[in-house]
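Here it is, the structure in full.
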Amino acid sequence: MKALFRYFSSIFSAFKSLWTGMRLTFYYLSHPKTILTQQYPENRKTLYIPEAFKGEVVLIHDENNEHGCTACRMCEMTCPNGTIKITSITEETEDGKKKKILDEWIYNLGMCTFCAQCIEACPQNAIKMQNTFEHSVYDRKELIKKLNHPGSKLKSTKKI
Amino acid sequence: MEIPKQLIPLEDTPGEFVINVGPQHPSTHGVLHLRIKLDGEKILEIEPHLGYIHRGIEKISESLGYRQSIYLTSRMDYLSAHMNNQACSLLVEKGLQIEVPDRAKAIRILMVELQRLASHQLWWGSAGLDMGAVSPFFFAFREREQILEIFEETCGTRLTMNYITPGGVMNDLHPDFVKKVKALIKQFKVNIHEYDKLLTGNIIFQKRTQNVGFLPRDLAISLGASGPVARASGISCDIRKLHPYDGYEKLDFSEIVMDKGDSFTRYLVRIEEMKQSMHIIDQLIDNIPEGDYRARVKGIIRLPEGEYYQRVETARGELGVFVVSDGNKTPYRIKYRTPNFSNLGALQYIAKDSKIGDLVAIMATLDLIIPDIDR
Amino acid sequence: MSKEELKAYLEVNFPTCKFEDTIDFPVVIVEQGQLLSLLKSLREAPSTDFDLLFCQTAVDYKTRFEVIYHLSSTTFRHDLVVKVLLDDREHPELESIFSIWKAAELFENEIFDLFGIRFLNHPNLRRIILGDEWQGYPLRKDYTDANILIP
Amino acid sequence: MGVTEDNLNTFPGEVYRDDAGQANFFVTSIDKLANWARSNSLWPLTFGTSCCAIEMMSAASAKYDWSRFGFEVARATPRQADLIIVAGTICTKMAPVLKRLYNQMANPKYVIAMGSCTISGGPFYYYSYSVVKGVDTIIPVDVYIPGCPPRPEALLEGMMALQAKIKKSRAYVIDSPKTKQEE
Amino acid sequence: MILMIGFKDITLWIHQMLSGYLNPGWVVASEALLVGLAMILLVVIMAVAMIYMERKVAGFMQLRLGPMRVGLWGSMQAFADVLKLLLKECLTPNGADKLLFSLAPFVVLTVSFLALAPFSFAPGLQLWDLNIGVLYISAVSSIGVIGILMAGWSSNNKYSLLGGMRSGAQIVSYELSAGLSIIAIVIMCGSLSIHDIILSQSDGWWIFKGHLPAMFAFVVFVIASTAELNRAPFDLAEAEQELTAGFHTEYSGMQFAMFFLAEYTNMFIVSMVGTTVFLGGWMPFHIVGFEAFNHLMDYVPSFIWFFGKTFFILFLIMWFRWTFPRMRIDQLLKLEWKYLLPLSIINIVIAAFITIMGWHF
């Protein structure tokens, strides 16, 4: 008789355990408030991307189109996977000293892994991480960007 | 591109039937390739083939500086990114005898325990998914997304954080870090009972995992298994207890050791570990010491000559970083002793003459991360 | 057993091996011939009982290879590092310790694949990671490959 | 590439040429209907090698929920999938497997390269001996999504860019039955 | 009452209109054609509705929204899927057995269409009133297994072979308890024909009238029919995690769409059988004592009753899928042979005893 009793009690406990699982999913079905989907394209305006999110490296330009990069190439050396290429031209300033001026700040977004070691290594704090994330492209060449705006020149350091 | 030899099926000896649980398979969570010899549904022999995600991180680290190769480690076991970075940072700090400020230590433990919670939640979701229940996957991601948002605000990225560096942490905590963590813990304490209702209590799940895939204690030791897999077979090998680091000795938390050793016990050990992690976070979240979050470290790190070994308890077991340094700025040789590599060895012994359904159940509770195996 | 007791025990049983000390573990350097007997006794002796091989790796010192075994004991909680030096660079050979610890199977497969050190009477020695068509052994210092780009 | 409707027009125009190589003259209404159907029911293949696969999973999870676009039917076999999201590093040993999967997929098939490892080899471009430097050396890629790993919203934005690309392209009309060279 | 327009006089009107123009042979042919088109239209509409319902129910159960962007609230999603599958390339693997490979989806689909014949959706709306209705349905729906085995064997893929074998074992064994649970009600009702079963429930549905054995038979029926459909928690044939996609691994495009459509049609058939046999077909819900309440119920047109109950059983089957993990093959067969079969046999004995003693209402 005990086997028969165990047979039916196992069936009963099986049903009870299945029912608790079903009750849980039915609770979530019947309470639409618990849905936590953020509809990405529609909520584009109210989307909260934290300020610290590392989306893209950007050369900071102030209002009169000046940046702080002195082409010292510290960031290029600390970058673990060589995504930054800096070319500079040497120029004669008025008192005869040779001075390096930034020509092109090439940044390959397709190779960058957003580890932010370049920002830590930059002595002039000329670059920062922006939290934009929409970079998908159809062509790989569009990912290689020139960060210094055309016609921008070095910030005159006397002010600081 | 010719097809690698392993993919061309061997001529099947009569009665035996070799299938490739191939590189692209939903239940291998990555690119593990198992060649399984079957007799009907029963598994006779399993032969793992690795290398489909072997990126040669150890060879790359030999030509990168210490600070640069640390961030590569979070690409190995991406579900314990903080612990990987912590292992290398501790090793560099032991080499250069740097004293880490208390605030940095507390932040590190908080981040590591949050990462362990997030990793166990994703494991629980994908274990349910492997057994065929689709809904647990979405319940698991509910809390995991909140943890990722907390990481995002402080460390800047969601998954492969480059946050713990030699000397402390990259930047200070976000102002409402404490508020969000408290809200998360309060909510997850309630929701963890849902985990029990959905899977632990479910009779089908219990039948699928109980008495399946026994890992006896001495086999687990001889295989070098570590983490929840070993603790489910009765070995107490929690590095946070054996060789405490970063202030773990001051915290009181219990090490979960059960000794039945089947898939269901491995499942229960991880559920209990989630509760322990929450217990640790509760103790620390209210009294994070003040002070600066990072000690001064030179730009170029040069470890004095010699061999260093640093062990850390990741979500999957004991990660050991073994560095041979000859004094200049790049390490001479780095060896990452990863937990999944040894836990994979256990798969061949556990899953012998079980069914294909059991193989999926065993792999779900072994919780293997394949880039951690191939490095 | 603490480091000193371990050193004393080993000096008594195995006089021919040298000792070193790193920050973490006591190190024992042993010849190739004596390796298997030393490890077997460390495993079986009740006073040492090293039942956990948690890491086995190799290092290429350009002139010689060095295979390093990290042992630990789950009962006494003490650790030990055993090193073997292999001078022959063309066909480095070593006995497999799969008979003592089952973990060695995957470790030795990986070392064979990345360093080229053959292990005798290994149950299933194969190039587990790189596959059989791969020429050369990547983790050797003298490994050159067109695929590797230097910035 | 922002998401608003207008700046999607920067897309360079027709993409697919049909089998015989001629470009059809204009997008007929049948093409519009076919492209509407194809772009709104892209079934991804469950193919994830490393960290980007975890971000793909969280894109499928409840918070970002790509089932709103109809992507959630993730087929495990290449036969029934029409989109392969290459998420994670592709090594030289994995390359022939990926090529074989791509060949086994039924036309019209699309590829999204997700993450720096697939676009250019990312952190493993230099010094690594076994990583394929960019997936487009193996299979033709439609949309590149940089990031390591890219956010779930970036993945959704990339998929919407793919949808826009499909809507603008010619319907892929199979007029001459191709010989099925099947691995 | 205008609501209760009998479908009988519509069909009669069509019959007279047709026989006005054509001679009798042509009339039967054109009526058959008309009926075939009506059935296909019904199945396609129901399949699209079920696909949408499944994805929305799955979404809401899993804290997410389900399809939203295609049409209003994602309503056009199923059309997009079906249209895309139509336009995809149909591949046949190299080593496949060409004939069987292309025949399998048609076998599976035609079988599920065959089983649609004897159902009565409303008082006059019945295609073909067989006197062995219920027996015909379970006989025809068991031929579907041959199509699945053909698909599994012919696609030259180890996974699909395993999937085919598993689903063969599963469907054959669950036919038993599904049939036995229907027999329990047929004993009480006395006739096999669908029309008589529904008429016998005019004073109360069998699930209430047959009290204990009928309720148990209903539970066994729902479990067995979920297993027959290869749906979770019994979806071992197409277990995604174990056998990638089971027997239809190698099918793509329209051939896969046929398997997809056949699965949903079978789901629809199984829930219609459940509705007709247990929940009283198109009979409104009557409580013996309350005449006013019964009168109120009659206002709801009968086919609304029928489709409402069918969608309730569909919801039950979907609810199982999104809650339970999958069973292993030996547990699945153990459940059938050791639990469901003995209990349904005992249930039949009790049902027979009750009908002899006349205790059912």
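As written, the chains take the letters A, B, C, D and E, and residue 1 is the first residue of each chain.
Going forward, a residue touches a chain if its C-beta (ideal position, glycine included) is under 8 Å from a C-beta of that chain, and two chains touch if they have at least 3 such contacts.
Model, not experiment: these values are computed from the prediction.
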Shared chain contacts [subunit B and subunit E, defined touch]: A, D
Intersection of contact partners for subunit C and subunit D: B
B-D against A-B, pair bridged by the larger set of C-beta contacts: B-D
Greatest separation from subunit A - chain, by CA centre: E
Of all other chains, the one whose Cα centre sits farthest from subunit B: E
Approximate Å spacing (C-alpha centroids) for the pair subunit A, subunit D: 22
Rounded Å distance between subunit B and subunit C, as computed from the means of their C-alpha atoms: 25
Cα-centroid distance, subunit A relative to subunit E, in whole angstrom: 51
Centroid spacing, where centroids are CA-atom means, of subunit A and subunit C in whole angstrom: 42
Residues of subunit C engaged with two or more neighbouring chains: 130-131, 138, 150-151
Subunit D, residues touching no fewer than two other chains: 61-63, 65, 68, 76, 93, 123-130, 148, 151
Junction residues of subunit A, two or more chains touched: 18, 21, 24-25, 35-37, 39, 53, 80, 82, 113-114
Chains that touch, pairwise: A-B, A-D, A-E, B-C, B-D, B-E, C-D, D-E
Of subunit A, residues touching subunit B in the complex: 13-14, 17-18, 20-21, 24-25, 36, 50, 52-54, 78, 80, 113-117, 120-121, 129
Subunit C to subunit B touching residues, read off their complex: 22-25, 27, 51-55, 57, 59-60, 68, 70, 74, 77, 81, 101-103, 105-107, 110, 114, 124, 128-133, 138-139, 150
Interface residues, subunit C side, partner subunit D - complex: 130-131, 138, 143, 145, 147-151
Subunit D-facing residues of subunit B, complex: 1-4, 7, 22-26, 30-31, 51-56, 59-60, 63-64, 72, 75, 78-79, 122, 126, 137-138, 141-142, 144-145, 148, 158-160, 370-371
Residues of subunit B that touch subunit E when the two form their complex: 17, 19, 25-27, 41, 128-135, 137-139, 142, 198-199, 202, 204-205, 207-208, 355-360
